[in-house]
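Okay, so chain A shows up in both of these, paired with chain B first and chain C after.
For the complex of A and B:
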């Protein structure tokens, strides 16, 4: 999984315990949370405990892990606690009862009918096939991207009001008196993300906005996670959806995530953008490329389309972010990557990794024959240009000071180091700086109790 | 403060963690399972269900994880999933179903995640097809037959194609084949050129096929080279070959004491993938039985004869003193005394004669000389 997608999930981690407990009431959600939000070792722990009827003593889990991997273990436990998946009681770990039941249901298929989508039981007279859905999704999604870089002539339709509102809400675009809506730096950075992260970014913005509109976030998340587990090319019945979710369908249709022939239709088809929601497979840059790649036997065509598409203003606008355009022909654009152009891109909040990823993902088949795809000198130089500006590093975090005893200070330092949140210490002044404070505070409290 | 450098250059990526391919080799010998069920009350259907949950759990770890199931049957090796592209994919039981039944099935399907469902349906349908084509006479004819070597080679060739070829190959029906294409097109590849990690789980109820010693060992060494751990869940009869397989490839070896609770053994011991195993202490056998089988009569040996050229193992000096593997002429003259209860070097005998006057000494020296023990 890439760091951007991870980051969008950090937003979810901040939800309250009550919301998590309700989220886990659906097997699809329990499965998606398990798959997308847990580190590998945490998944292993969950599976080890899943079919164990009794709570597991902490000591036996600790004996399960190599002593030199303490940091990973603490990270795993930390995450499980943070998402309220495990509860710790009298020296034993137990999985959250709801989570346990629902994840078991997901694995054994014992959930209620429709817990992974209710397929329509009647034949659709206007049945659509997968290639149609792919085309539809690509059209809708690219029309949003085109709109963002401000070229609406390319695609026939302008995205709906809802989409524009969302882009403005997320500050991906802003209202400008002179020229209407224009893209922001955040928006440019958004353009360089992979499609899957773009979809999530937009959906999380949607979630954020929906909360202001008093829609139930649990309902929304259930539906999003459910969409991720649906089958491409299958039509689903709306009747198992809640009213909120039915309302969402209209918005999701605008994004190209689901397809409905008309809004009164009771059936909907998820597109590839939806079924990829809970997958962490690296999708390629443009929706067209993702779709072409995922359709068997179509790879060649897909790549050709990308290449000829370089005359599309969207692609050129993206290239223009980090390269200086020199000449432009109907089927070819030449651009030069220079120190200035890269520094400019970095100034806009685009990282060297994003640029390199973008170029790798969109490389011409001829270039793709090389291994590595991009010449190492170019990659290194771009990274070096980025590092030039990195003389200072900002880490947000928390300062702990004025410890009662030296022993306590040392113990806390050791614990912070073990769980991997320690950023800086000064032994003489008795201060330490950590990136996360919850577990440390817990630890200090426990220590104080046990000493009493 | 953020104005100093608001960019996010520090999120350097962790090294690419590749997905895992899990190959399950399952004994489907009906007679062996029937015998096992009597002693343990774990039936084959129950074991299969638990294995499928295990496979689902593996697939739940990551979208790109994949799973293959191979049946080690009485007449050979069969892929249960992905099924052979040429075969009839219909479930043999399906023809008898009424429309109501089909509706019921569709309803059940809606409660299952599609990736899990596809795998389960395929495995169950292939298994029913396999059993349908198996006659009772054939089962009675070979109560303990096992094609372990064939199953291991089939698994390894499949792994080789999926994890190193990247072409997708066999159409699996599991939405994973497309992904291997994405991998080859621009996805993650580690320094050895592999696009996926792999591990093999052998669930065995049949005894060692001693006549397959050489191919089994070859498979084990091939697995070792490919860095594919072979995990062994031995439900009945301890086995020499599989212990060695797990030991040589760094896999997990377990003989569940309570086979009814198979699922817990699977989830705890066998599920952790490549990445998790680096930080876990997994149960494995400490005292591995390293005995080999002889090449001539396929018996498992404690002590045997080894060809000095090709290291072939024999339980007795080969016929005509010619090694059956490399055809070298062996000098067996020095072997004449071997196998007799006491080996007395000729030199000592002479000495003994010299001090023959001492009556007890002969007995004493015989007791001290090396005795080949069992």
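For the complex of A and C:
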């Protein structure tokens, strides 16, 4: 279920070194990257180097890792290099100087005032509470989802032009001459993601679009990471924001990520969508779940029989993606999951995992008492229906070939296997296929240098 | 010098691979590299299209089965 959330971060991992170096100039960002983008072992390595004035020998870091956990070790080092957090010299590792200073500030409470948001120093005459913010966030966010599935009911208004532009830009929807703006395959998979992943997906699209408008990506990311460290229910002063960030507030308001009473207001409140942005990967489910619990409707749905004590067209539209609706009552919808309905969903580009994750996340409390939540036979069957249609298994990635020597080929194969990206190999032809190429390319380059 | 080629690895039965080769022989714009009897690399923007054509070809033979199944479902 977290694979989708992690996927959105792959986009960030592709940013250039110069951008990362500037990103790390803010303690909130250094902390967010540490919390959200590093595997636990990499965090351990960072902590070992953080308060050490000298570079740390590789062997000292390796002492933290059990010898049989080579894959985890390479993954941790790989991430640290990829995010430009460490520099290597002659068998030693050191933290990037800026990252080190700013993460220290974040952990020990140094830094300039306002580096974690500037709380307003005056009383808000129109103060809003947390339940208001939750309702506001849910309303805004759901109006986007409703718009995507094409049921703009009287209760939810059409999202702003900016939102529509963003959905089109990200190919979650497309312009269709006959029926106007319609959802795409990508949009369907988006609907099945959990809220936190959805928020990140949209924000990264926003980042992408903003770069085309020549807004500074570093400015934008600083603000997004800052939002993740703000406190729910607190009002913050716009004063400490850059002009770009002030401009962003208007868009973020449309998404329900921040609340402002009026656009001229100088204070803003982060909603739960904002404060959950950089939560630890493991607690990802909770902001979404809390948000769902805070929604006025309190939608809950079960498995084959879906119970809702509030009739939500959105839930029904999503269910309709992979189940056949049989009957609808004011407080109960029954639908049946069939081979046909699952095959149809898969035809639209939805995966069995997404369906299973969605049902697990939205299970009725009665079902939640079970462990596992969904009956294993049902889960297995859905997976089988997916494989059945897969007459071919596809993996995207890179083919490496034409190695200079056998030794080089073997070394690269071993490394690829160690970091868990090796998919296919042909020893006779000297070719291998990997799911990710950045670390492999790095490895080949380093190997060539050291052999020179 | 090592070369890296971006693409999608397809793993399938030799019989399915034969059909893919046949589909490609008409347009020559799908396959990037033919690896062995059950593996090949195709362009990443052609995956959806290939899946669709493949499904169409295979469905020509299985239409009867799925009709029967539909009827069964309506019973209960």
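What to note about this one:
Basically, the second predicted complex is superposed on the first by the 385 of 452 C-alpha atoms of A that agree within 3 Å, B and C clash if a C-alpha of one lies under 4 Å from a C-alpha of the other, contacts with A are read in each partner's own complex, and residues count from 1 in each chain.
Throughout what follows, a residue touches a chain if its C-beta (ideal position, glycine included) is under 8 Å from a C-beta of that chain, and two chains touch if they have at least 3 such contacts.
Predicted model, so just to flag it, every value in this text is computed and none were measured.
Judged by the touch definition given at the top, the superposed model places A:394 against both chain B and chain C.
With both structures placed on the common chain, the touch criterion links A:386 to chain B but leaves chain C unconnected. Looking at the shared chain after the overlay, A:403 reaches chain C, while chain B stays out of its contact range.
Of the two partner chains, neither chain B nor chain C is touched by A:411.
By the document's definition of touching, of the two partners only chain C reaches A:338; chain B does not. Of the two partner chains placed by the overlay, neither chain B nor chain C lies in contact with A:182.
When the two complexes are overlaid on their common chain A, residue A:168 makes contact with neither chain B nor chain C. Of the two partner chains placed by the overlay, only chain C lies in contact with A:433; chain B stays clear of it. Of the two partner chains placed around the shared chain by superposition, chain C is the only one that A:441 touches, whereas chain B remains out of contact.
Set side by side, chain B and chain C differ in how many residues of chain A they touch, and the one touching more is B. Comparing the two interfaces of chain A, the one with chain B and the one with chain C have residues 349, 389, 392-394 in common. Contact residues on chain C toward chain A in their complex (touch as defined above): 1-13, 16, 20, 32-33, 35-36, 39, 41, 44, 47-48, 51, 54-55, 58, 66, 69-70, 73. Listing the residues of chain B that touch chain A in their complex gives 1-2, 4-13, 17, 53, 56-57, 60-64, 103, 106-114, 116-117, 120, 168, 177-179, 181-182, 185-188, 263-264, 267-268, 271-273, 275-276, 278-281.
Remark: chain A residues 2-3, 7, 27-28, 31, 34-35, 40-41, 43-44, 47-48, 50-52, 63-66, 69, 72-73, 105-119, 121, 229-231, 278-284, 293-296, 299, 346-347, 349-353, 360-361, 363, 368, 373, 386-387, 389-390, 392-394 touch chain B in the complex.
Residues 338-340, 349, 389, 391-404, 408, 412, 423-424, 426, 429, 431, 433, 437, 440-441, 444 of chain A are the ones that touch chain C when the two sit in their complex.
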